[in-house]
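Have a look at this one before I ask anything.
For clarity, chains are labelled A, B, C and D in written order, and residue numbers in each chain start from 1.
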Amino acid sequence: MAVVERIAGEEEPTGRIAVKSTQRPSPLLWGLLPIGLLLMGFFLIPLSVMVLYSFWRVEGFDIVRDWTLDNYAKFFTLPAYRVVLLRTFLISLAVTIIALVVAYPFAYFLVRHTSPRWQRLFLVLVILPFWTSYLLRVYAWMSILGDRGLINQALLFLHVIKEPIRVFLYNQYAVVIVFLYLYLPFAILTIYASLEKFDFTQMNAAADLGATPWQAFRQVLLPQTKAGVITAFIFIFIPMLGEYITPKLVGGSGGLMIANQVVNLFRGFQFPQGAAITFVVVLGIIVFLIAAQKYLRIEELYRR
Amino acid sequence: MADDRGSDFYAVELVGVSKHFGNVVALDNVSLQIKQGEFYTLLGPSGCGKTTTLNIIGGFIPVTSGTVRINGRVVQDDPPYRRNVNTVFQNYALFPHMTVAQNIGFGPRMKKVPQDEIERRVERMLQLISLPGFGDRKPAQLSGGQQQRVALARALINEPDVLLLDEPLGALDLKIRKQLQGELRNIQRKVGITFVYVTHDQEEAMVLSDRIAVMDRGKVVQEGTPTSIYHHPANRFVANFIGESNFFNGKVMDVAADEVTVEVPGFRQPIRVLAKRPVTRGEMVTVMVRPECMVLIPDPSTAERRDLVNMVEGVIAKAAFLGMYTQIVVELTNGTTALIHQPGGGELESAPQSLLGQSVTLGWRVQDGRLLVD
Amino acid sequence: MSNQGISRRGFMRLTAGAGLGLLGASVLSGCKPGGTAGKAQGSFNWMTWGDHYVPGQLEKIAADFKIQANPTLFSDNSEALLKLQQVGGKQIDMCSADALWVPVYHEQKLIEPLDLDDFPVSKELYSLAREFKFWTTSEGYLAYPFGWSPIQVAYNPKYVTPAPDSWQVLWDPKFKQRIAMELQPFDVMAFMGCATGAKEPYNMTDEELAKAKQALKDLMPNILKFVEQNVEVVQLLANETIWLGTQNLGVEDRVRDAGGPEIKAFIPKEGTVGFIDGEMIAIDAANRDVARAFLNEAEKAEWIAENFIQFGRPLFNERAYKLLEEKGHKERADRYLYNQPEIALKMNLKGPAPRLEEYINAFNEATAG
Amino acid sequence: MNVTSRQGRTQALFRVYGILGYLFLYLPVFLLMFFSFNKSSAGSLPFTGFTLKWYQDLFADRLVIDAFWNSLRVAVLTSLVSTVIGTIAAFPMARLSFRFKEALRILFILPIMVPGLLIGISLLIFFASWLDIRLSLATVVIGHVVFTTPFVLLVVTARLLDFNYLLEWAAADLGATPFNTFRYVTFPLISPGVLAGALFAFTLSLDEFIITFFTIGPQSTLPMYIFSQVKFGITPKINALATLLFMGSILILCTFFYTLSRRGQART
């Protein structure tokens, strides 16, 4: 039953009043002021300074304010940056897809197979590993995946292998595994939010109408939780593009990503060029976000 | 506290109130006068504007134009918390994080009534709604009916001038609804507060109300007592919405002093109906007849004697025994159908199915028909 | 002796210009109170590495001398330089840096040259540490010398035979994915420069740089990874994931401590890279005197010996070596070249390459894969 | 096939999956806790013997303790500030429609999407060269608030969208002023969302390294301490600290849920 009586053709339910329909702007709008000032003062303006840098030149350790497009030109002419950018993109994409596939059943497990009383605790347990150091967790993974790591030790113990094998660490797969570990909680939390809202009697209805569990999932559950999955995609995929510590630690010589190169540039005081590469990526991100705007609307995710 | 302005004022008065949401007109020039102590119902299908009207009286949404008075005071610019009006919301809107007692005591607490006084009053309200000892529970631990009563108590404890109720029984099942209807009416008599009640259930409106305003598409189409609305619906919409009706469309053939004759295509003889409103010859009109006013005539020759001057022929298409009466659907000669409620007993009750396919004549009295102009 | 005063810098320039630096300063020293480091009290801000002090040291100095050091820790020379560039002496009084990074601070006018004679503790230094050419300017000495280490090539003799003595061993196809290096783009390029015979590994010509870049590209199949932290090389050697790696002095012990196999290390015959750490005083440092007083206490042989025991790489305090000898650490100290500071001067000193951009882009391109 | 046994099997399957999931999430954590008792200073396998040395080292090191308190201070302040800012911004985002809302939405999540390195360096240049502000823990808090506020905003907005606004109407109807409505009804009901946002902000701030480094004054935080051990490496002292930190948070959490469930039972 509708909570509010809806007027035919009315776009907004009466509870969510469009500002344009009342004469006075809602006082709630003042709530945007602090975040606006915060992001304007400490995010947009400082970033704009960096944008300026990307058009300047560096001489030794000094920034020279000569306008130039060289920094951007270098990004497009040096093949190294394009190769690494493509690799960055592919690794992030792979991790994101795997994370979603792994997180979905886990979120389902949380919603459907844990007692409601402890569900919140189970949920908090998902993010609790974050309370230890990032670096230490990545190191811990290295001692799981390494030549003398837990996996190899176990395989040796079970006589599956005779020599430690090197398939788990210092390659792109290791980057994928550790990223998966780091980003999985975000995917789980987001998908959980959309699954929790789902009315699971629909699944019974689907089964009753002859759908196999898989069909019911494909035809009923997934379409209604799609928004959550896509939102999770955005919130994992994009931040991963800027990662540099994990690839450096576990990636080996072949698993470096674009941010590693930017860090190298910054460490060599090449701020203009580093900033230029970063802004090319950031610009791509913004374009992507505008295109995916619909899925940034978490109200879609939370609307019943 | 009740405003001591006496009963010179209407409890609630709406003058020319309109409400627009963007381009959508939710209320169109609505005027209402609700008397002190009245049980007044806004009745209509969903989307008719009845809840919008209630929300405007409650102060939850601003009017686009018009005046709202409560006890004679102009209030349309006052926020809800400055109006001595309380609301029982649809689905109750009980605060889930507070106990029953905290919910009921919320109003007095906001008015800074001393704690012991609040406790006393809450206790009294719990008695009134027959839930003594439930004060420490959370709303989620109550049944729907109990929640409804708590919502009522929460509103009544403030002794409002007017109590607004938005489909308060809508979420309950039939049996509890019936029971609570009685309780509601009793409580209203006991406390003597003006109730403004919103519902889409015409039967509920009939049972409870002193007066009913029927709304349609943002307008009040008819206002009156349950009987007057039932017997004298203003138009086809009201007639259809309140109770069941048969409609016959036709052209005015003849206008006499107190009687109009209407020719209905496909009928052997024209229909005679009392002229309660001015019509002119040749005008297209609708004649409404309630199903319980129609009679199956076994022998048409005796019809005149029983004043059944209007007669139409048809074939029985459906018949069902419903307890108090048997409902019969007759396919008429003009291709429409008529609905008849025949009091129980005798042949009809024992074997309604045996009537199927029988040719019958239907009759009704002149005064049973209503002339509607659309 | 003092170089402190109201118009300190003007005075410095004048005396230096007249070639009377030391003399003038000593003449004036009588008039300026608080000239020698060691009397001030209070707190100061120090940007440094975590191995420049030992546990308990700061607390002890705070308790004994009422000098409170507030260390901010960093990992990369360039980060510290950027930060000091931005905040200056108002917020950072003292800063640690590697060998040739120090002159960069000076060129950027971020640090105040010192007169080592102001620090009584400096008498404990090896004399050669008091006269590094690259730290000597007409205005004074750029940093207080702390410790040093060459970067060696460590190898596992079980797999790497015969014992190598040249950078060339890295390119042996037998060692596919068996090498790790620290991720310091300038230093890696400098290694390549050493290996390919560049004259100045940190200041290569275009041809030399191109050769070094190609060398790195060719080396990539053998490189398992560039490590963020030096300790990773130790771990990787310890669990025999890698057989070769670049490392500071003391790698043998560290690998053994980590439960690893016997490791050997050599300084390549083509020459190598190394670091010489020092402490610099920021220009216009707000707590300049406190920082100087701290330095005078913290650099004392007792602490330096302690530091060697804790972190195991040679330092420049000669008296500390004697203390180590007395405490029975001579063998280890000798093995770690503590008593041969002159080796420090044979290294190609760590620093930013003057051709920053070319180095970084060459590195990025060679390692892009 | 018997329906109940099949359901039972699905149930078991998901349970196993859930357990495997938690194992995946906690294996590294347990491992790093395990290393804090390992004699080997490398902080990795193999296990060379049990020791409490690293814990002793930890408590002896004033700097680590200082860094811990700094981290905690920054994280608490960050989560407080970003929770307030994020929460009040969530109201218009959830309840109003206005021009440029979509653009604002993108702006508001951009700090999550932009690499932290860029935020850190640009803030350093901005604070130091442009504003001439003294760097301190306060500037670190500002840097952290920039990227944690969007998370709070998202979480609280979600909670608000879920909120039955009729409850606010009911409160106003019963005579509550807007302030009282917020205090007695709105806030208690959205507080789980606000709390989740605060927790999120706290967690993110606690482990932030790169923005911290560039915006901090003469102090150090735990992640900075860990990252600074470049030359000679992390000792399991840090593992010991992480272990204590983790145990502490588990303890707080368990008490929290225990009292919550106790209270729930008492009310039933």
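Here is the rule we go by: a contact is a pair of C-beta atoms (placed from the backbone, for glycine too) under 8 Å apart; a residue touches a chain by one contact, two chains touch by 3 or more.
Computed from a predicted structure; not experimentally measured.
K.L.:
In the touch network of chains, how many steps separate chain C from chain D on the shortest route?
P.N.:
Contact-graph shortest path, chain C to chain D, evaluates to 1.
K.L.:
Tell me which chain's centre, taken as the mean of its C-alpha atoms, is farthest from chain B.
P.N.:
C
K.L.:
Which pairing of chains accounts for the highest number of C-beta contacts?
P.N.:
Result: the chain pair A-D has the most contacts.
K.L.:
When the centre of a chain is set as the mean of its C-alpha atoms, what distance in Å lies between chain A and chain C?
P.N.:
Centres of chain A and chain C (C-alpha means) sit 39 Å apart.
K.L.:
Starting from the mean Cα coordinates of chain A and chain D, work out the distance between those two points in Å.
P.N.:
The mean C-alpha positions of chain A and chain D differ by 16 Å.
K.L.:
Can you work out the whole-Å distance between the CA centroids of chain A and chain B?
P.N.:
55
K.L.:
Could you please state the distance in Å, as a whole number, between where the Cα atoms of chain B are centred and where those of chain C are centred?
P.N.:
90
K.L.:
Among all residues of chain D, which ones touch two or more of the remaining chains?
P.N.:
Residues 43-46, 121, 125, 164, 166, 227, 234 of chain D touch two or more partner chains.
K.L.:
Touching at least two other chains at once: which residues of chain A meet that condition?
P.N.:
3-4, 12, 17-18, 20, 142, 146, 148, 266
K.L.:
If a residue has to touch 2 or more other chains to count, which residues of chain C qualify?
P.N.:
76, 79, 82, 228, 232, 235, 239
K.L.:
Once bound in the complex, which stretches of chain A touch chain C?
P.N.:
Result: residues 58, 60-62, 74, 78-81, 83-84, 87, 142, 146-148, 166, 169-170, 245, 248-249, 251-254, 256, 261, 264-270, 273 of chain A touch chain C.
K.L.:
Taking the complex as given, what residues does chain C use to touch chain D?
P.N.:
Chain C reaches chain D through residues 45-47, 49-51, 55-56, 58-59, 70-76, 79, 82-83, 86-88, 90-92, 228-232, 234-235, 238-239, 248, 257-259, 311-312.
K.L.:
Touching residues of chain C toward chain A in the complex: what are they?
P.N.:
76, 78-79, 81-82, 85, 104, 107-108, 177, 183, 185-186, 220, 223-228, 232, 235, 239-241, 352, 354, 356-357, 359-361, 363-365, 367-369
K.L.:
Give the list of chain D residues in touch with chain C in this complex.
P.N.:
Residues 40-46, 48, 57, 60-63, 121, 124-125, 127-129, 134-135, 213-214, 216-220, 224-225, 227-234 of chain D touch chain C in their complex.
K.L.:
Provide the residue numbers of chain D that touch chain A in the complex, in ascending order.
P.N.:
10-11, 14-15, 17-18, 21-22, 24-29, 31-32, 35, 43-46, 84-86, 88-98, 102, 104-119, 121-123, 125-126, 130, 142-143, 145-146, 149, 153-154, 157-158, 161-162, 164-166, 199-200, 203-204, 206-207, 209, 222-223, 226-227, 234, 238-239, 242, 245-246, 249-250, 253, 257, 261, 264
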